[in-house]
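Some structures to go through are shown next.
Common to both upcoming complexes is chain A, partnered first by chain B, then by chain C.
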Partner chain A sequence: MAIVTISTSNSRPPPINEATLIGWMRMHLFSSPLNSILTILTTYIIYLTVSGVWVWGVVDAIWIADTRRECFDINISGACWAGVSAWMENIFYGRYPREEIWRIDFGLFLLFLWMAPLWMPRVRGKVIIGMTTVFLYPFLAGYLFSGGDKGIFMSVMVSAAIVGIIANTLNATLGVLADRSLSNFVNNKLGFGNAPEEKQQKVFLIFLAVCFVLAYIWQSGWQAEIVSWTKWGGLFLTLVISGIGIASALPGGIILAMGRRSKLPVIRVLSTAFIELFRSVPLITVLFMATTMFPLFMPEGVVLNKLVQVIIAVCLFNACYMAETVRAGLQAIPKGQAEGAHTIGLGYWGTMGLIVMPQALKHMIPNIVGSFMGLLKDTTLVSIIGLFDILGMLRSISRDTPWLGLHKEPLVFGAMLFFIICFAMSKYSRHLEAKLSTGHKV
Partner chain B sequence: MSDTQNQNNRSQLKSAISSEVMIDLNKVNKWYGDFHVLKDIDLIVHKGERIVVCGPSGSGKSTLIRCINHLEEHQEGTIVVDGITLDKNLKNIDHIRTEVGMVFQSFNLFPHLSILENLTLGPVWVRKKPKAEAVETAMMYLERVKIPEQADKFPGQLSGGQQQRVAIARSLCMNPKIMLFDEPTSALDPEMIKEVLDVMVELAETGMTMIVVTHEMGFAKTIADRVIFMDEGDIVEENEPNAFFDNPQHERTKLFLSQIL
Partner chain C sequence: MKITTLLTSVAAVAVMVLTGGTSVYAESTLDIVKKRGHLRCQVGQPSPGYYNLDADGNWYGLDVATCRAVAAAIFGDANKVEIQSVSSQMRFTALANGESDLLSRTATWTLSRDTQLGLDFLQPNFYDGQGFTVRKDSGITSALQLKGAKVCVLTGTTTELNLADYSRANNLNISAVTFEDFNVRDETYLNGGCDSTTGDKSSMAGNLAAFPVPSDHIILPETLSKEPLAPAVRHGDSQWRDVVAWSVFAMINAEELGISSSNVDDMRANSDNVSVRRMLGVEGNLEKGLGLSKDWAYNIIKLVGNYGENYEAYMGHGKLGIGIDRAGSANALWTNGGLMYSPPMR
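Our next item is the complex of A and B:
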């Protein structure tokens, strides 16, 4: 006869030490007399700092005033947030004409609209959505922000982007509500529901082309008012520069990293030289070079604006750093993966794009997001070469007559803004990592 | 079918070797730096023929079969696979790779894709089959290797034996004419070895042309039409399995067999 246990063993809570707050504190903070003294001392220092900041920044702070003088009259030892709030619009939008600010907000809204489907369940074609965000949206936003005469190229890109945003939104709506793609929907409506996949793709492309023509005709009917780049500034400018930098760093980095690993000597040497050149020079030097030397190499008559030069410099610089990050990621993928891909007949591009790169990118998420955060913060260097990005704006508050000498508060405010943005990025990267770890996914 | 019957059938496993030549190696030489790995290798494999390659570690077995689908490049001699000569022409190489399946010791499944995606990737992207058809074929092969219920899992969640069977199914989904196996069971625990070998025996029964590097001598006796013994980059001895195991000619073969049997 076998022995069968009838009752299951009851599970018990873990030993008391680690689980309760008191237990935890006893183990980690007060395990010995010396540790206890250190803990008390540290707590006291933290208390002093935090309470000081709290009193200065909140308790004694002045929120409403018209000048710095007035702040002093109310309470000389408190923070004068009134100055920051009076400059709030400048901090966010720079000197962008006040009646045109809606364009910036609208541009931001479009970005949100464009990217939101990436996080929605059941939406089809996320790779295409991601690609169009990088390759179409910037043109639409660029025109929206700067306005003026479009020219042929901009007209084409703006029309394409308009088709893109509309198709994207419809596709997302259909995906969420009906679990189908826009292509599928269009084909059904036009009576090609049962046609083979390739035919359906063609029909959908023709549909998009027709939409493009309509969009082209429509957009040629209006023009946004021109806003010179010199008026761009504040957090807006910082986000434009770092946004373009971020969007181009990854594709650029991937291309350069693949170049550096290429079997063709010419490509390999060129990529390596390019990467090493940019990596060995500080960003601020690259920025100065871009604004002062770049124009010298340009043919007579070509006038580049400073903003474009800065953006190009930031993009190249960051692509080179990203290239090394990507290369490290590629090296971490075992050779067997590429061999496995080769044996099912995938060539170089298929192997890279479907097998090696996705895995490498997944491993690199923490590093990539780290570089993005670095990029965002480094962008403040452009204030040195005379662009009024967020740092430039924050510092000019102290030169404004009513707020003369107000240094501390704007910078604290700026630090908080950066902290919020970077912290959010960091949190999101953790989330993404957890989501993509297929090893444990069921 | 009972197990004993099965065993009987296997020992009688007859292959239908045709006169059509699938693989033709002629005076193939390869060096790693100064190290001469393959020395004047001549080998002809006919359609439907099943060849087992054995030999001591470092004798060049892996290198030999990896040359056949050009994972390694040979420096001298000619390799003709399915009528196509392997040279620098990338088109030829890509074409041959679609006709030659390969199974590795370390599985080399794609960890970021589900089992089903691992199987449909080649047919969809290389053979340009419609997705639905590729899924159907994939499921059929998963049934054949007896793990259809794992289709939606990821490779990291499967046992070694299951992963290796998926790897075999992945190659079969490309509908290859030749299958190469490089020590497919060396990384597995004993009870998993059997499940993989069973799948390979069934594959042999379908008339697939196979080259298998393995030290599973029982398996070799069951399926092989020819056993090849390699040492230091040479094909030292080559014979049909019974003669090879019972009556090895060469001293080195005798030594090797005495060590592993």
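Our next item is the complex of A and C:
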């Protein structure tokens, strides 16, 4: 005999500790006398800290003043943000000539323009977009920032980058609006819409070559005013050094990691030695070596650009760390994957590029982004060797006569800036992880 | 910092071995600078009064004025100078390996530095000395009363060593609390972490002026050390040495003769004083041996000013000054009882 009810029974109210705030608090914060005491104590400590910072940084703070003495006269115990805001241009752009600052902003805008299509659906050729960002954009930006006489090499690279940015933007627009690629569009317009793919590719390349010639002629007509690297500084310099470091660390790391796992003894030994050498010295030592020792080995009178030395040092150093991260990812891929790839006839590069590396890199995203953030923060070491990166600028405020002794506020501001940048990177890496759906979702 | 210190020593020794302690170049520095079109002048990381960045990214300060004076003497344009900021561990290496033409920063002229590092110190442009700051309400009026006191001091400087020497010589039993950054040192002192701070008197005067209530603190009268701060050049290039040394002398001499940036044009046109006429290039040929143009000293005074003007602007009570009184100190002119003295320019 079965007991059957016709109507569903009335649902019971949820447990009190999940329905109301008070219930939740009783359950989680005041479940025992000890927990109650701890809760009250912790709340009190949090209150003290937050209210102290709040009163110092906001309530008592002075936002407009000409000198630190004026801040003291208004309120002796508040933060003096006026000093930070007076130095804002130095903090962001360093000693870059004020009337040329638009070049930095424009360079940053170009980077966004270049990379934005990577996040857009329906855009074709994302691999090429990514590659050109790494190999063409730096030359255009580099020339934009430093200016001066281009020379043949720079002329060619700048023209190529101009063609790249225009083609990239058109391609993205066409992709989003009409769901087609630029190559396809050009071929249709020129009447090769039904030609075989190979021919279409050729037509598109010729089209790009024509654009290149036009760009070359156009760019030879103007020249940006020269800005010495000694005037670069602030957040701009930090981003230049860490940006180049980040862009080169991954490819360099992949090559070194593959070299270390290579079956060829010479390559293996060289890669291992290189990695171990750079990993076992502190970054500051590498920087000092690059700036003091290196010039001694140069011919008489040759003075190398200190910024270039620093960038090379940062790149080498971080490639080594990245190599070990990548190698850890490679170790995690079961041997069966490579063997499977061999059975379907893939060679070494095919196996690595199509089967092993994509899986390994996907697994290593948290680590890779972690070392990128480390790299960004490590670059502040260059302030020790006399470059005015963001930390150097922040520390200089306390030496400027009108703001003498103002050192807490700039550092708090710097901490907030770094938090924003690093948190954004971290969020983006979580987004990438979710998109590539690695890991085991709970 | 141990590693950097070690590395600096290695680098400095390597420079000496490679260059034999003499000039890197066979060509004279003056010719190289003229050919390059600008002067490379080394200062340190910003230090109040001597070399600072302002909010627009320009350098200013007493030592920066020396850089600009040399550039004015050579090019007739005080802006043809690239200011290099080099950390103090690397300062002598950067001069020795030719990165800088001239070192114009708070480097104390000592015998061992002058003789062992392959460089020549020139006329000091500031005489400093170490002293103590204490709170006024502590009732201390002399450094000899600091028995058993906790004193805040910057680490890795001669200040720290001088303090230990002074404590031992006077049996004071001072315990030193060391810091890397003067801001943290002062913050600790202000919050009661030590009874006194010690440092060069000039920089302490500047820091003290920036305390919330400056009148609560005093600098004690005792001076522990002699710190003649002088520009330096590479050893073995006499012509370049002369150019830099006489650029500094020209500023001092101009003050003595009463020539300033505001009246220099008038003086050149109308002065009957033969010393003034000779210095400004109206008479004689002082520029011959220096390898400069006839109006080199005129350019210095016109574009940078005399020593007194620069002292007032950056060390004294000018808008960007850190408020150190000049009268009665070693930095007054010799005619006022100080040590600022230029050999005759004739």
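Simple rule for what comes next: the second predicted complex is superposed on the first by the 401 of 442 C-alpha atoms of A that agree within 3 Å, B and C clash if a C-alpha of one lies under 4 Å from a C-alpha of the other, contacts with A are read in each partner's own complex, and residues count from 1 in each chain.
Throughout what follows, a contact is a pair of C-beta atoms (placed from the backbone, for glycine too) under 8 Å apart; a residue touches a chain by one contact, two chains touch by 3 or more.
Because the structure is predicted, anything quoted here is derived from the model rather than measured.
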item	value
First (chain B), second (chain C), both or neither touched by A:265	neither
Residue contacts on chain A - larger count, chain B or chain C	C
Which superposed partner A:33 touches (first chain B, second chain C, both, neither)	neither
Partner chain(s) touched by A:121 [first = chain B, second = chain C, both, neither]	neither
Touched partner set for A:345, first chain B, second chain C, both or neither	first
Chain B versus chain C as contact partner of A:231, first or second or both or neither	second
First, second, both or neither for A:407, with chain B first and chain C second	second
First (chain B), second (chain C), both or neither touched by A:89	second
Which of chain B and chain C A:399 touches, first, second, both or neither	second
Overlap of chain C and chain B interfaces on chain A (superposed complexes)	none
Residue ranges of chain C in contact with chain A within the complex	3-4, 7-8, 11, 14-15, 18, 24-25, 27, 32, 45-49, 52-58, 82, 84-87, 90, 93-94, 97-99, 181, 183-184, 186-187, 206-207, 209-213, 314, 320-322
Chain A-facing residues of chain B, complex	69, 71, 90, 94, 97-98, 100-102, 104, 106, 108-112, 121-122, 125-127, 130-131, 153-154, 156-157, 167, 170-171, 173-174
Of all residues in chain A, those that touch chain C in their complex	68-69, 72, 76, 86-87, 89-90, 94-96, 98, 228, 230-231, 233, 282, 284-285, 288-289, 291-293, 295-296, 300-301, 303, 384-386, 388, 392-393, 395-396, 398-402, 404-405, 407
Chain A residues within the chain B interface of the complex	196-197, 334, 336-337, 339-347, 350, 354-355, 358-359, 362, 438-442
